[in-house]
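Going by the order they are written in, the chains are A, B, C and D; count residues from 1 in each one.
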Amino acid sequence: MTVTREQMLAWLDALAGVYAENKERLTELDSAIGDADHGINMDRGFTAVKAELAAAAPADIRGILQKVATVLIKTVGGASGPLYGTFFLRAAAAAPHPEMDILAFLQAGVEGVRQRGKAEPGDKTMLDALLPALDAMRTGGLDAAAAAAEAGMRATIPMQARKGRACYLGARSVGHQDPGATSAWLMIKTAAETWRL
Amino acid sequence: MKKLINDPGDVVRESLAGLAAAHADILKVHFDPTYVVRADAPVKGKAGVISGGGSGHEPMHGGFVGRGMLDAACPGEVFTSPTPDQIEAATRAADGGAGVLHIVKNYTGDIMNFEMAAELCQAAGIEVRAVVIDDDVAVKDSLYTAGRRGVGTTVLAEKICGAAAERGCDLARLEELCKRVNQNGRSMGMALTSCTVPAAGKPTFDLGADEMEMGIGIHGEPGRERMPLAGARKIVERMTQAILSDLPFRATDRTIAMVNGMGGTPLLELYLVYAELERVLEAAGIGIARRLVGNYITSLDMAGCSITLLRADDEMLELWDAPVLTAGLRSGC
Amino acid sequence: MKKLINDPGDVVRESLAGLAAAHADILKVHFDPTYVVRADAPVKGKAGVISGGGSGHEPMHGGFVGRGMLDAACPGEVFTSPTPDQIEAATRAADGGAGVLHIVKNYTGDIMNFEMAAELCQAAGIEVRAVVIDDDVAVKDSLYTAGRRGVGTTVLAEKICGAAAERGCDLARLEELCKRVNQNGRSMGMALTSCTVPAAGKPTFDLGADEMEMGIGIHGEPGRERMPLAGARKIVERMTQAILSDLPFRATDRTIAMVNGMGGTPLLELYLVYAELERVLEAAGIGIARRLVGNYITSLDMAGCSITLLRADDEMLELWDAPVLTAGLRSGC
Amino acid sequence: MTVTREQMLAWLDALAGVYAENKERLTELDSAIGDADHGINMDRGFTAVKAELAAAAPADIRGILQKVATVLIKTVGGASGPLYGTFFLRAAAAAPHPEMDILAFLQAGVEGVRQRGKAEPGDKTMLDALLPALDAMRTGGLDAAAAAAEAGMRATIPMQARKGRACYLGARSVGHQDPGATSAWLMIKTAAETWRL
């Protein structure tokens, strides 16, 4: 399955809306086991992405993804900034033009997050939504990926965090859904919705 | 939310503008990318010392920029790590040709952003050494986690390494010194109330009228445990025991002690806490060679305090006594 | 009530013990009667400068005892004037043979206790001159009332008169200088929250989540009016207008400006307030020659701030720049 | 009407109890128009008086009143310290031994408060309870004095303060009972109760 430059722009545009809508919710989740800013960070980042692309969208998908990466790295900050930034940086490298293969895109991005954050599955991070999504993508396509991401996100609730701020809470981190896994699910879900093929 | 601010999104920028206006003799503030830098930076031939992290911990780090302490600081949004471009720009501004030390607090976000910045700096031919501060005894350390948080010892490391750099200490020795300070420093914090992140608009956590949080960090993260409110004596004994048993400190150790307010606790109480701390250490036969009492590494408007103890050697004590002229800490000049 | 204290009745004594322990190089604390005094007092041949008032305003006054500022301070119970015997003992301890200046904030209790103490001192052959600070523009002055409160200008007067005394200025000129500072200084304060007196155990007044008090003093007295919460810009404009129109200040005036926190408001916000103050004064053509931003004259754990403007002449500016070495304020040494 | 040394000691002992009981109430009143410490100040002062007298009560009434004055001046602080201190200092001067005339006692004390505080009737201070009490004492005796003090205390409610901390409130001081007038009433009332003749 591949997407065009226009579909990519449509997705990024949709994401800005999605993170704006979920700003409070993500921040709420981060209050419970973090420092109450994840929603604010994601909203700031993707609002900036939208503005940048509106001003001047690169001619090809790789250029677009590179721009998204640098904007996120410059504007998000925190842990999620470098992580999502690296996701798009690696995805850009993996993106041939004119069209982009979704599996290759996801594979490169998730691998980037894993390398940057050095987290393992079960550490209660965004990886717990991203890795299942990647596996499901291989076999069942985007809708399956979105469903797997959601399941992975819910699976973070009983986990005790071993990475990120939440791990400072030790056992008290159990019983809360990971904010980053939630923002990651929103990303895949939005892709499945905008790229209905 | 009750704060003396305008648009919550502008707090950091507007506050930095005030810092720059109030201390033009000491520092300059650069925006986009945002960093605070010594008025006379870069100091030719001197190794640079910079730090950074989320805002909301004032005076740290911007208030520690100046002669004898930091060459530059990178303030992120409130409680959000600064970004690599900020850190790279601050490093360039601080580089007098002898390389730059990055003092990084151990938070995943800070670590990753400073890492990415270091890569950019190395690519640009600036030598960078990073030392991670992880002194919070409230967090159980472990190979499988992000490890301990960096808290109060950061302030002492910035003062001591800044003084060493001022004296011409080279980057390699600065790195070694900073690691030594981190290895000998321990902290523990507690909260009577939560703080309120301006952009969030409400307290990060709810605490009953007769509850307190023990083992908090500096970002309004809930602590290790919630317990019934106690008197200052009990609180200080508990915090100090956790610190002493961790290193462990021993009788005859000489220390630099910091009693730090979280932002919403007045000096009247902090001095009372210091009196309790002296009592506990005396009983343990541990001497306080130098001390700092006040708000140095805060958590917005949180009421509470933290205690930091550094087992100091002669070099650290001598560097501690060296002149420092910053907005947040000054002595000897 | 959430405070880092033990028995509410012991707060002042236990906090003073901590102050003494933390700053033995600068000051000593004497108990029963209770006063804080310079470590090297009395300074032979120097006119003494002392002040005092209720506790709960830290670092004022005890934190301003030291070279270049106060020779002694008399802390009363929280928000309660010190007693004549304390003031007399502090005056004796500060007297180097050249007489002692009493800087008194205009509160009925302070006035009467300092009056009684002055009678005792005169009887003991110590020359005493008292200057009353009454700079609060929030209070309408009148012959039939107790007049205006003494607030922020007290800090500036203590710094300036302390510096003058250090230079050998005699008591008569000190009195004149202190009066001049008071005549040219104006302050206005506001509160976002009430403070809680330890012995009372609950907030002195209740303030709605979207209300603020304008024109408060430093004792948790309700202000002149309660109004809807506003942004920092509006608040600062309102306070500054009240100050400027009162003296009145004029374009081309050079000022010493203080943005003071009430104890529970973090530096992040105070610097933002300072940025707003500069904007307003620039528009009015009034220059800020010197400034102070931080917690200097507080009201326990109250969130809020006060602004003080002093129309400064050359002598005041020069004395402002003179070295001062106290727990709460240090520069030039 | 005169009182003996023993009656004087009984009254002072009773006052310590009265101010301990009314500590919260007086502080409450002071929160509304002052700085929330009047009850704390009075309790601290009379607790100290009780302790001092228990340790060593002077042989005559004058000595007792002088001791009370110095203890109050040393321990109460605030505005009420010098005021009540002066009250007892002047009363001491007016006290002949072995017995003491209550009217002379009250007259000297109230005059002392007036001179020390320079307040006028109607300024919303303790004088508004003390002056009516003094007048009533002349004609109707102690019970009348206590009743007059109570009426004077209530009369402070509609007054706008012109002295003391409350005057900073301007019009906002109206509608609240003055704490000092209340502690003054308690003083007279307790005398009437302990000196029932």
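By definition in this document, a contact is a pair of C-beta atoms (placed from the backbone, for glycine too) under 8 Å apart; a residue touches a chain by one contact, two chains touch by 3 or more.
Just so it is clear, the model here is predicted, and its values are computed rather than measured.
> What chains do chain A and chain B have as common neighbours?
Chains in contact with chain A as well as chain B: not a single one.
> Averaging only over C-alpha atoms, locate the centres of chain A and chain C and give their separation in whole Å.
Here chain A and chain C have centroids separated by 54 Å.
> Can you check how far apart chain B and chain C are, centre to centre, with Cα atoms defining each centre and the answer in Å?
Averaging C-alpha atoms per chain gives centres 29 Å apart.
> How many angstrom lie between the CA centroids of chain A and chain D, rounded to a whole number?
73
> What are the touching chain pairs in this one?
Applying the touch rule to all chain pairs gives A-B, B-C, C-D.
> Mind listing the chain B positions that touch chain A in their complex?
By the definition above, chain B touches chain A via 33, 54, 76-85, 107-109, 112-113, 115-116, 138-140, 142, 144-146, 149, 197, 199-200, 204-205, 217, 219-222, 224.
> Show me the residue ranges of chain B that touch chain C in the complex, using the header's touch definition.
By the definition above, chain B touches chain C via 2-7, 11-12, 14-19, 21-22, 55-56, 58-59, 63, 192-193, 209, 212, 229, 231-233, 235, 263-276, 278, 291, 293, 295, 298, 300-301, 303-305, 328, 330-333.
> Looking at the complex, which residues from chain D come into contact with chain C?
Within the complex, chain D touches chain C at residues 27, 31-37, 40-41, 44, 73-83, 85, 116-117, 161-165, 167-170, 172.
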